[in-house]
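First subunit A sits with subunit B, and in the next complex the same chain sits with subunit C.
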Partner chain A sequence: MLHEVGLHARPSVRLTQLAKSFASRIEFGPSNEGPWTDVKSIVKVMKTKTPKDALLYFRAEGADAQAAVSALIALIERDFETEA
Partner chain B sequence: MVLLKGTPVAPGLAVGPLVCLAGVVQVARARGSRGDERDALAAAIGAAREELAAIAARAGNADEEGIVAFQIELLEDAELAGPAYAAIDAGEAADTAWRAAMGLQIDDYQSSDSEYFRARAADLRDLCDRVLGRLSGDTAEAIPQGAIVAADDLAPSRFLATDWSNGGLVLHRAGATSHVAILARARGVPMLVGVDSAQLGGHSQALLDAQNGTLILDPDPDTRQAFDRRRTTYALQQVADARYLEKEARTGSGERVQVMINVARPDDVGTLDPAHVDGIGLVRTEFLFHDRDRLPDEEEQYRVYSRLLQWAAGKPVTIRTLDAGGDKPIPGLTRERESNPFLGVRGVRLSLRHPQVLSVQLRALARAAVDTNLKVMIPMVTLPEELERCRALLVRAVAELAAEGVPAALPKLGMMVEVPAAALAVEEFAAHFYSIGSNDLIQYLSAASRDEPELASVALPGTGFLRVVRSICEHGSREGREVSLCGDLASDPLQIRALLDCGLRTLSVAPAALAAVKAAIAKC
Partner chain C sequence: MNSNVGIVIVSHSPDVARGAADMVRQMVGDDVPLAWCGGAPGGGLGTNVEEILAAINRAWSEAGVAVLVDLGGAETNSEMAIEMLPDRQQNRVVVCNAPIVEGAVMAATEASAGSSLEDVRRTAEELKPA
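After this line comes the complex of A and B, so read on.
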């Protein structure tokens, strides 16, 4: 999580909106054993209060799972800026 | 006439009728069948969503859009209202169920140890009230244009629904990072926080000064006239000054003056273009220690410092070591109940009593100094030994890092000149640079507290102060050491001529004052 203040309002909106554009079930968590959070729910995403520099694990299940995870990671890596 | 102090979070001056907003009046709703209550809540959420979409369509900038988008996203998340529907199924009325469900979430944000997450409680309160308003059929009273609005807190969507031309805002609870403060800065609405709204009853006219942080209620005619003159000048000045922002600062005769900025928190550089500044003349590091139960570790500090250096892109960045105490208490570090905190264990006096805290900061600074133009500044130095002890700790930090194989460099070490004893004997200090802290130096020279509004006319930069500044500048130019001034004085366009006359050629100012200071320099 590179964003200056962690996963707060604006980054969370971008994350959930992008997640909702995929059919797969997508979750993230603080370790590869969870606890897992539904990325499509902003209420749940904000509840994690993920700080800056936290390491996040993503997992997805569905037809476009691979594409979904790649897209979400790319969003975080470009610091939540919309694609040019 | 009543004068109240507050903290400016968005600059400007405004005058107008005082409008005090009450919180949402809570009227219990007559309860229908479970099906009716479910439908009522669903309809209210849908209507609130449409209201927000309409506000989003009118949003004037990215900040406004982002804040409304967050609220819409929350309303569209079935998770938000889930507990409310469950409570309805258990027999609650729609409004009670909604308020209870939102109350839990608001409390959750409110109890966060991060200021950013705590500030989001206001967004949820806003949503909660908007849906409650739809449930009861109420809409909030309209805020008249051109008013000075006072309230405990203000919902971001309510801010956006108001015409703020010539108006201003005074809040009790909101902070500088609240959404409403971000919106006020983006829209240019003067705003103060920390003013107790309970003190405001019974007054009709208000002068809001978000330059000096005062709210004057029912002013006498002279005060009112003086304020109006300042307002006119301020408005004309802003238009004229804007042309100087992008230019290098030069006096009328073409002499170059370095104009840097003061940074109190990393967001301060926000939208500012580094090309418009000559560097950062003061980074206050107290923000790293605020609102938390443990001190920031080396890694976290290193990243914050590196980010600022990266922003400055090779221009000098002067980072001041922790300047706690005085008016900047830090729980667990500064002393409680000192009889006179401004003359107490503060600044370097405190840091040298906690060398383990100072050393962590110096290690982070030494790491950030690799291949950058970082300078380290020590606050509240009174004796040469204090500076030398800091230097020894800094040298040791660099040596330790080298031994650990961690890249580090020895940054230039300078000092704040704010204690009269040091200011009058500046030649005794082997500092690479001197930065005059005018706020404290004036208060100590004039023996007048800077927090006492009644002494504002005593705590002025008079002949004595200017003479001291001149002698520091003379020493600096003899020895070839940089002298700058980083106090509030440098941000005041009316003081620029006097400061340049003393020989100062480097000023560090509040980011919002950049254009005005450059414009004032051009007129000298």
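After this line comes the complex of A and C, so read on.
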């Protein structure tokens, strides 16, 4: 989680909006054992209060799972800037 | 035409309503129909049914409209405005039981993904103080 202030309001909205564009079930968590949070729920994502430099694990299940996780990681890596 | 659920923000204060709408636009973007109203004609605090009706129509979407309100009259006047809508619109407008600013951003985020009116309301109302 490279963003300056962590997963605050605006980054959370971007992450959720992107997650919702995929059909798969997508979750993230602070470790590979969870606890897992539904990335498509803006309220649940914000409740995690994920800070800067936190390490996030993603997991997804569904036909477009691979593409979904790649897209979400790419969004975080480009610091939540929307694609031009 | 935008097929996402619309969001209406009704506050006693035009500054609060405009500010909440600004937050929705800047955080969520332009993919949801959005309107706000608030303030009395003389410049003081207040809400009125005609302005709320007009705001609902500005934010109108065939998918419906979710209304976020602040206190007392904002809620009762919004309910009155909904009752004055034609039958075909009436059952597609809901007042969300959620904090006005946070609820508007949550509702708009859900709406921007093309969710149903019921899902938009549920997301706004899911937000409770921790």
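Quick note on the criterion: the second predicted complex is superposed on the first by the 84 of 84 C-alpha atoms of A that agree within 3 Å, B and C clash if a C-alpha of one lies under 4 Å from a C-alpha of the other, contacts with A are read in each partner's own complex, and residues count from 1 in each chain.
Note that in this section contacts are C-beta pairs under 8 Å (C-beta built on N, C-alpha and C of every residue); 3 or more make two chains touch, one makes a residue touch a chain.
Model, not experiment: these values are computed from the prediction.
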| item | value |
| --- | --- |
| Simultaneous placement of subunit C and subunit B on subunit A, clash or fit | clash |
| Touching partner for A:Arg59 - first (subunit B), second (subunit C), both, neither | neither |
| Which of subunit B and subunit C A:His8 touches, first, second, both or neither | first |
| Partner chain(s) touched by A:Lys47 [first = subunit B, second = subunit C, both, neither] | both |
| Which superposed partner A:Ser21 touches (first subunit B, second subunit C, both, neither) | second |
| Comparison of subunit B and subunit C by subunit A residues contacted | B |
| Clashing subunit B stretch [against subunit C; choices 2-10, 110-118 or 128-136] | 128-136 |
| Those residues of subunit A which subunit B touches in one complex and subunit C touches in the other | 9-10, 13, 16-17, 41-43, 47 |
| List of subunit C residues in touch with subunit A within their complex | 26-29, 105-106, 109-110, 112-115, 123, 126-127, 130 |
| Subunit B to subunit A touching residues, read off their complex | 66-67, 69-70, 73-74, 77-80, 105, 108-109, 112, 114, 116-117, 120, 123, 179, 266-267, 300, 303, 307 |
| Residue ranges of subunit A in contact with subunit B within the complex | 4-6, 8-10, 12-13, 16-17, 41-44, 46-47, 49, 51, 53 |
| Sites on subunit A touched by subunit C in the complex | 9-10, 13, 16-17, 20-21, 40-43, 47 |
